[in-house]
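Each of the next two complexes has chain A plus one other chain: chain B in the first, chain C in the second.
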Partner chain A sequence: MKKLYSNKGHILLFLIPAIILFCGILIAPIVMSGYYSFFDWDGLGEKTFIGFSNYIDLFTSNRIGFMKALGNSLVLALLSVGLQLPLALGLALVLGKGIKGERIFLSIFFMPVLISTVVIGQLWLKIYNPDYGILNVLLRSLGLESWTRMWLGLRETALGAVFIPTLWQYVGYHMLLLYAGVKSVPKELREAAMLDGAKDSQINRYIVLPYIKPIIRISVIFAVTGSLKSFDLIYVLTNGGPFHSTEVPSTLMIDMLFLRNRYGMGSAIAVLLIILCFAFALIINRVFKEEE
Partner chain B sequence: MKKILAMVIAALMVTSIIAVPVHADDPVTLTMWCIATESDANRPAYEQAIAAFEEAHPDIKIEWEAFENQSYKTKIKAAMSDPETLPDIFFTWAGAFLGDFVAAGNVYCLDDTYANFQEQLPEVMLQNASYDGGHYGVPLTMNIVTLFANMDLLAEAGWDHVPETYEDLTACCDALVEKGIIPFGCAGKETWCVTEYLEPIIEKTIGYEALNEVFAGRATWNNPGIAESVSTFQDMINKGYFDPSGMALGNDEVKANFIAGKYAFYQNGSWNCGEVNDAEGNFQVALFPVMNAENATYGQVIGGPSDTLAVAASSKNPEIAANAAFELGRDICHYGYLAGSGLPAWTPDYDTSEVKALVADVAEIVAAADGMTLFGDTAMSADPANTYLDYVSLVYGTEIDGQGFIEGLAEELQ
Partner chain C sequence: MKLTDKIPRMLIYIGLVFWAVINLFPVYWMFTFSLKNNDEIFGENVAGLPQNWIWSNYTEALKTGNMGKYFLNSGIVAVATILITLAVALMATFALTRLIWKRRKTLNKFFMLGLTIPIHASIVPIYVTLSRLHLLNTYLALIIPYAAFSLSMAILVCTGFMNAIPRELDEAACIDGCGVWGIFLRVIVPLMKPAVATVGIYTFLQCWNELMFANIFISKTALKTLPVGIQALSGQYTTAWGPIGAALVVATFPTLFIYVFLSKRIQDSFVAGAVKG
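Here is the complex of A and B:
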């Protein structure tokens, strides 16, 4: 066996299937996207090499609306980190204390993650329906008729209306990650702090939070990159409308690739999404490392 | 010696694989993609047509798959970039949609096979699927934009007929609004539904020939008549003729509302005839009235044969597939017409006495049509079509006016 491990040829031989899969499924499509992004191509006919024009257009053309879409994604990322994660952390801390019905609450909060996004989209479409949707019905029943809106049909309200279910759906996901972290805090640490007279809030602040920092970092990375990649729920609820006000890079990419047949531009958006996700993951890692 | 023997056997095996002769009588399996999903109005027509075809040709089997409309557009375009993944026969929309595939050399020319079906299928019906003189698509049904009217609601507002002039239409809408009835329902969430309102208004203002020229890119969008049409449409919106919730609704919701009696009118494709005909209530079909009699007539319609079957150039059996496409197209048209899911692109040679009343009415309208303009988003290729739809959406949301519409499109598309 030792002889086998010392032979680099053997190691390479056994790694080949995994390398082929990794390159074929992950690396090759990225490289191909990068290649196509330098062309003006409708996906069918001749490709015309145009250098970085697609990238320049993405950042300079108002008509394409990439900056607006990217802005929407960044707002979603900000809300994810500013609202979704604190809520998930709060729930994880409460449940992690071992309250009565802990398992039931855990299942309930995690349920939206398990439900298909299309189903969630349909549910929220019904909630927002301007005529019979529960939101407007509730407002009307409270005498707040003037507050009723065509939530998904107005430029002013559509973005917020789309973000609420997007954030809501994954609170349970982050809660579960953080809950696992909270549960991994050694009992002895908690007990020692309690013996020293620390309150719950102090235990959370000085013991639990520093202990689960690596998990918080993972959650932040997932929240930010997830926001940049967000697609499915927005596609179901508004498909980027009205008037592109809820467009995010992924919906714009689909629009370019499959509705407008602009494969070069769509590929450029795909490449930028990959770069942005990596960049944000690295920045977040760096920020957490500096804090440590 | 052993080596030589092994090589000879291997060579024989390879040759036997490559050189198997294909006999005409050998069973053939043709693959087909379409959009006749379980919920599609055309599904029964496809099932009947395929069953009839397989019965008539026991040596040919059709393996078919149906996909949801929007995802199908993605799938077929993706498959076009690798033609080997295409099925033998595929559903497509005529006009620029199919034109892009033809230009890429991915579609089999049907001219030779068409000669066998010429008597049943008038050449004019192949017009939207013909490029550089060649025919590349078999039309299934044809459809036009139709004004559906709920006569019970019109009666409540004191109208016993569908208004035929614009003045009458506005008077009727005013009366409906006064009675608390919403005149029109339009799904703003699906912009093609908005074009079903806007395009007939433009056509009835500038005429079908002028609109065809604009859609084909031969005339400028910067046409005052188009700006005037947009203003007319927005006047109707501002007067409260349209459901104010429309911007947030999809077509299925709007159609359901119309059938349930929420709106007096619903303007959409004639493929809805069967469903509306079977719904409870008293419905009639008509066309949008003339806006400018100098340019347009009542009989000018938006639509034409668009739903099409085409054959992949990469098919292993292109001639068999081409013949199958024609036979299937003919029978889908036949059964679809009887079921009310479209008008016949093929000349009916069967008993049509049981055709649904609304379908028969639309067929009469088409028979008397003075001119046709293909749906704008079908007539234009993908990128300009979507820019056009963006502007139409802005018009429905009254984000831009007529001048902004024509100037914007003229700048971006020409």
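Here is the complex of A and C:
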């Protein structure tokens, strides 16, 4: 048996497909993206080595608007952590305590996560439609005519209007993670606290929250990196407009690549995105560690 | 129960029901306006059930709008991706959990890196490579990247299940004269059905909904998948909402159908992927 399982040839044979697929599609392209990012390249002709120029341009040129895009995605991150997570946490605490209809509520709240973001985007395009969209129709029927807007077409409201569907879709995701955490709190802990006369709010504050801290940390990381990487919904709803008011790094990257054929610049954005995601994950981990 | 206990309880339920309505309403609205004509959608009957059920919206979306074709394409890509992901992941997991060699823990960690790598990272090089190999506008242009990006999650799930299979079974099969492949194919794989189901569903959802790769690697109408197809369709039908609603329903229905029957398994797979990743 041991001899059979130590045969080098077999080991290699079992691993080779995974290694080829993984390195070929995930690892090698990261290295290549890094390499391309040092060139001025239209994808077809000669590459010209320009060192860190792409990166410097991204951070200094207003015309490219990378800083604006990064700022927008950070606003989305802030909104996610500030609004989406508390809502998700509240739902998780209520459902995790065990109430009637727990499973049904959980399943309903999680459902939007599974629907294609394109479908959700198209649906919200209709909801936001200035003339016939259900939002403005509702406002008009409530006599709030003056509140109706071209939600996605105005610089002031577009970013907020893009955030709402994100919130709508992903609250359920964070809720599910946190719910799984709340459910993993040992029953004895809860019961002991109840015997001591602790109220629900006290149990949540002193027992459940500390217990699920690692999951809260994961949720925060996902909310922040997810906002940095956000693409689908924005692409469908506004594609970065109006006047770049909803531009995020990913939409800018796609623009660079496939509208302007600036492959070096596009690669630089991709590399920065990866670095930023890892950096934020590390920072968030550090913040949670220090609190302990 | 005292009245003071009842009121907060009521408030909690009101809150939950309110959020459930917010979650369900857009989906309900989508189903209803997919069966309405513009007169109803735009004024007479915005939020109610359709008065005349206009099924022709569906035939229009499926035939004129090419949704039938897109649906088939999405199906082909999803099924092929699932099969490749499963085959590759099962083999790798077998080597990582059963076969005996140094550094298998390191390699496992290496594969787990994939859980954190965003698809943005690879889009330019993959695009350039695909275009050099003349593979843009083929099913393979999506299947291979999708399989690669599903691999880490698949290995993660399979490792959990495969570790739970008792090693005595391997021993017994070995004594009965099975080789490595015999043990793998006849003993291990048949016992991996729950893992296969979990990975299958998770991978299906990823492929079915993916937009960025599909949007860039496929430009031929005949090969578009649902997310890209819907984008194209909404460009054609800017004023007729009915057929678009029908298209959205067609794209969403399979997912919701699976969810109704397998909600627990789907939720578990999302938790597993997040918490370990």
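Observations on the model:
Convention: the second predicted complex is superposed on the first by the 270 of 292 C-alpha atoms of A that agree within 3 Å, B and C clash if a C-alpha of one lies under 4 Å from a C-alpha of the other, contacts with A are read in each partner's own complex, and residues count from 1 in each chain.
Everything below uses one rule, namely that a residue touches a chain if its C-beta (ideal position, glycine included) is under 8 Å from a C-beta of that chain, and two chains touch if they have at least 3 such contacts.
What you see is a predicted model, and the numbers here were worked out from it, not measured in a lab.
Partners chain B and chain C, once the complexes are superposed on chain A, run into each other and clash. More residues of chain A are in touch with C than with the other of chain B and chain C. Of the two partner chains placed by the overlay, only chain C lies in contact with A:L26; chain B stays clear of it.
Look at A:F163: by the touch rule set out above, it reaches neither chain B nor chain C.
In the superposition on chain A, A:H10 contacts chain C only, with no contact to chain B.
When the two structures are aligned on the shared chain, A:Y55 is found in touch with neither chain B nor chain C. By the touch criterion defined above, A:P130 reaches chain B but does not reach chain C.
When the two complexes are overlaid on their common chain A, residue A:F280 makes contact with neither chain B nor chain C. In the superposed model, A:I218 lies in contact with chain C only, and not with chain B. Contacts of A:R262 after superposition: chain B is touched, whereas chain C is not reached.
By the document's definition of touching, neither partner reaches A:F39: not chain B, not chain C. For the superposition on chain A, the stretches of chain C under consideration are 75-83, 93-101 or 219-227; the one running into chain B is 219-227. The intersection of chain A residues touching chain B with those touching chain C, taken from the two complexes, comprises 43, 131, 254, 258, 263.
Contact residues on chain B toward chain A in their complex (touch as defined above): 73-74, 77-78, 80-81, 100-101, 103-104, 106, 188-189, 244-249, 253, 381-383, 386, 390, 393-394, 397, 399, 412.
Residues of chain A that touch chain B in their complex: 42-45, 63, 128-131, 150-155, 238-239, 241-244, 254-255, 258-263. Of all the residues in chain C, the ones that touch chain A in their complex are 12, 15-16, 19-20, 22-24, 26-27, 29-30, 33, 41-43, 46-47, 87-89, 91-92, 94-96, 98-101, 107, 111, 113-114, 116-118, 120-128, 144-145, 147-149, 151-152, 155, 170-171, 174, 179-180, 184, 205, 208-209, 211-212, 215-216, 226-227, 230-231, 234, 241, 244, 248, 251-252, 255-256, 259, 263, 266-267, 270-271, 274-275.
Chain A makes touch with chain C in their complex at residues 1-2, 4-8, 10-11, 14-15, 17-19, 21-22, 24-26, 28-30, 32-33, 36, 43, 91, 94-95, 99, 101, 105-120, 122-127, 131-132, 134, 137, 168, 172-173, 176-177, 180, 215, 218, 222, 225, 229, 231-232, 235-236, 250, 253-254, 257-258, 263, 266-267, 270-271, 273-274, 277-278, 281.
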